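Each structure below appears as structure tokens.
Next come two complexes, and both contain subunit A; in the first it sits with subunit B, in the second with subunit C.
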Partner chain A sequence: MTYASDVAALARKDLLLELRAKETLPSMLLFVIAALTIFHFALPNGTSDVAARGLLWAALIFTALLGLTRAFVAEREQSMFDALILTPVDRSAIWLGKAIAVLAFLVAAEIVALPAFAMFFHGLNGRTVAAVALADLGICTVGTLFGAMAVAGRARELLLPLLFLPMAIPIVVGGVGGYLWFLVLYDAIFALLSWAAFEYVVSEV
Partner chain B sequence: MHLKLPALAAACTGLFGLAVVFAFFYAPADADQGLSQRIFYFHVPLALTSYACFGWGAWKALKYLRGRDERADLESYVAIHQGVIFGALTLLTGSIWARISWGVWWSWGEDELVLFLVLFLFYCAYFMLRFSVDPGPARANMSAVYALFGVVLIPVSFLAIRLSKQFIHPVVFKLQGPQMTGAQFFTFCVCLAAMLTLFATMYAIELAGKRLDCSLRELKELLS
Partner chain C sequence: MIQARALAKRYGDRRVFAGLDVDVPDGGFLLVTGPNGSGKTTLLRVLAGLAAPSAGELQLPPRHTIGYLGHEPLVYRELTPLENLTLFGRLYRLPERGERIGMLLERFGLWEVRHERVSTFSRGMQQRLGLCRVLLHEPTHLLLDEPYNALDAEGAALLDAVFQEHSFEEPRAWVIATHEPQRVDRYATERLAFA
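Entry: the complex of A and B
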């Protein structure tokens, strides 16, 4: 088994689980549409594009948070962590597989959310879509690592937003401003760090 | 260890006395801001000390991950605890300074203040993480990883805040050297030394207390 096939098998497991149980993705979809509707009423009439775009980012971060909170719940509830750690794969493959699965959910939610945003508000430009794609990478890599930390704690659902939101501030700055190079930098730094650090987070659980 | 702590405390008291005297009587008043500029001698050393705490905490975290030495875990925790205290004081003094010189308690245009808000939020979550996981190697590992993320987040956040900034902040340190007179710079250095010694003293006190707590708990477990 190579590293790539390990990762593919782990990601496939999560996607298959979601396909059968349909727990995470429908709630993410409903949440993002409901959030955009709320934002429509929260903004006064004739608001600028910039303000609306800022709210898109808030909606996306919170939707991602919803998916990340669910990411390790199955492992925790069924005590699957021990089994995963005992399997002869590199621990970082567990992280990468999970991050890919979360990314797939998030992208699926955005495929609905972005056109909905364009319809509800003032349309989209290519730069925003590119920024969303880059931000997704950063959100999923860091979020998966912090999700693994949060499930070990007593107040799981409460802990992840507290850990993750300060980390997401630079993503929002890069996204709202459309600084694509900054998002690439963020993704590269924190993906590498998460990849290296995941082993320590799960090895003693 | 027995001699180090009193010596540190004495040095800290002496330096702090000197710092207060220098900041209020020796350093010349700022032509533009007058008396209120003197808070600079405490605000900036507080901020720098706070960075030093977070850096020290991350260094100890790295040491823990390499050697699995439980003492390094405790040291990392104590350093970050001190860093949050200094960070909160930075926010407070910065806010007071902003009120006096710009007339607002909070200014999103000031990089340092916003950065400290982000760091404050981030490191407060460190305590939430630490206290929601049972003590043991798993908790030590997670705390260490989180502390390392924090120290990487500092420059990244700083860059992000620079990108999003709106108006001008007085830049004191430039590439050509500090934009201060000699007396001001000297006072600043004394204040910074005082603040760093304060950190070292408080760090040593808290660490001694925590270690005592640990050994007491071990003794209790042995007796029961």
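Entry: the complex of A and C
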């Protein structure tokens, strides 16, 4: 119960910060709509469903990357990791709270992006929506871990894409193919690994 | 109690300090002085468990007993003082946090601005809020890096009062790094001067 309330307090803080700053979500929305619009005009008429779905996944992955790049800005610029890791909360609660906030931003962007995709291309089926929902979990759990690692690094703007994009390849494969069980497995494995690894990532930020 | 033996810290080839023994018993007050870049901040970060020592033995106090103030006030600038302290009150699981937060904000002259964003504050007001955050959970190990930084005369007097009061309260171990040693020298039980 304490763990859950710690996570809730930390996620609420991130949502409140975004509500005040209004930086991350508007950028994500603008990016994903711009990307889908470009793809719409770039693709010739009669493009296959698979090709269109592939571009949807590319747009979603890069939109998520944008959100993840911003995820730890307050912690980095205001050295807030120092204050957070001295509290008695389990360090994984910091990761989970942040992952939930990033998930909220990504879902909000997708609420706009998916209908836009359906309008620009060939509609949207339930399997793709389910795949996007499952992929979001994997993106946020792994991405939040790498976001924290990038904060500790020197070339942090370069580090996050270099770490995150290779790990997003299985998500794209599972998403485009609609392999839902594969995505469930990815989420379970990498959520567990990220949860366990976060302690070591922030041990000397 | 804060205790370290033969403590060393390196960043790559650069040695920050080496062979350092630190003993701050409960009720003790270690005053750390030295020029910029001499290792004061690094020492405090190591003693707080925020940076790993390169060598030596360190007896770290439990995390929740540490009150740490760094070069930054360590508060979220887009939140208000009340939201910042409520967040940390929750994370420190303080049962009666409302009362304690109100008392600290009053004491440090921030009660009137408790609903305003920290980003609109002067650096001195942010430092006052940083001190409120440090004292919120009544830590028994206080590690303060340049606590007088950016404080005006009134703020500095408030901090003086905290030192005065706490030196007679229940035993606490203090480590203060400062360029103004004259302000706290009378409380010091140990001194460490970096060259």
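By definition in this document, the second predicted complex is superposed on the first by the 204 of 205 C-alpha atoms of A that agree within 3 Å, B and C clash if a C-alpha of one lies under 4 Å from a C-alpha of the other, contacts with A are read in each partner's own complex, and residues count from 1 in each chain.
Following the convention adopted for this analysis, contacts are C-beta pairs under 8 Å (C-beta built on N, C-alpha and C of every residue); 3 or more make two chains touch, one makes a residue touch a chain.
Here the structure is a predicted model, which is why all the values come from computation and not from measurement.
Enquirer: Overlaying the two complexes on subunit A, which is it for subunit B and subunit C: clash or fit?
Expert: In the superposition, subunit B and subunit C stay clear of each other.
Enquirer: Using the touch definition from the top, say if A:L162 reaches subunit B (first), subunit C (second), both or neither.
Expert: After superposition on chain A, A:L162 lies in contact with subunit B alone.
Enquirer: Could you let me know whether more residues of subunit A are touched by subunit B or by subunit C?
Expert: With both complexes superposed on chain A, more residues of subunit A are touched by B.
Enquirer: Is A:I85 touching the first partner subunit B, the second partner subunit C, both, or neither of them?
Expert: In the superposition, A:I85 touches subunit C alone.
Enquirer: Who does A:R154 touch here: subunit B (first), subunit C (second), both, or neither?
Expert: Once the two structures are laid over each other on A, A:R154 reaches subunit B alone.
Enquirer: Is A:A197 contacted by the first partner subunit B, the second partner subunit C, both or neither?
Expert: Only subunit B; A:A197 stays clear of subunit C.
Enquirer: After lining up the shared chain so the two structures overlap, which partner does A:K13 touch, if you call subunit B first and subunit C second: first, second, both or neither?
Expert: second
Enquirer: Regarding the shared-chain residue A:A21, is it in contact with subunit B (first), subunit C (second), both, or neither?
Expert: second
Enquirer: For A:A58, decide between first (touching subunit B), second (touching subunit C), both and neither.
Expert: Neither subunit B nor subunit C is touched by A:A58.
Enquirer: Least CA distance subunit B-subunit C after superposition, rounded to whole Å?
Expert: 6
Enquirer: From the superposed pair, tell me which subunit A residues show up as contacts to subunit B and also as contacts to subunit C.
Expert: 203-204
Enquirer: Quick one: in the complex, what on subunit A touches subunit B?
Expert: Residues of subunit A touching subunit B: 142, 145, 149-150, 152-155, 159, 162-163, 165-167, 169-170, 173-174, 176-177, 179, 182, 185-186, 189-190, 193, 197, 200-201, 203-205.
Enquirer: Quick one: in the complex, what on subunit A touches subunit C?
Expert: It is residues 2, 5-6, 9-10, 13, 16-17, 20-21, 74, 78-80, 82-89, 203-204 of subunit A that touch subunit C.
Enquirer: Okay, in this complex, where on subunit B does subunit A touch?
Expert: Going by the criterion above, the answer is residues 65, 118-119, 121-122, 124-125, 128-129, 132-133, 136-138, 141-142, 144-146, 148-149, 152-153, 156-157, 159-161, 163-164.
Enquirer: Mind listing the subunit C positions that touch subunit A in their complex?
Expert: 45, 48-52, 62-64, 66, 68, 70-72, 74-79, 83, 87-88, 90-93, 117, 133
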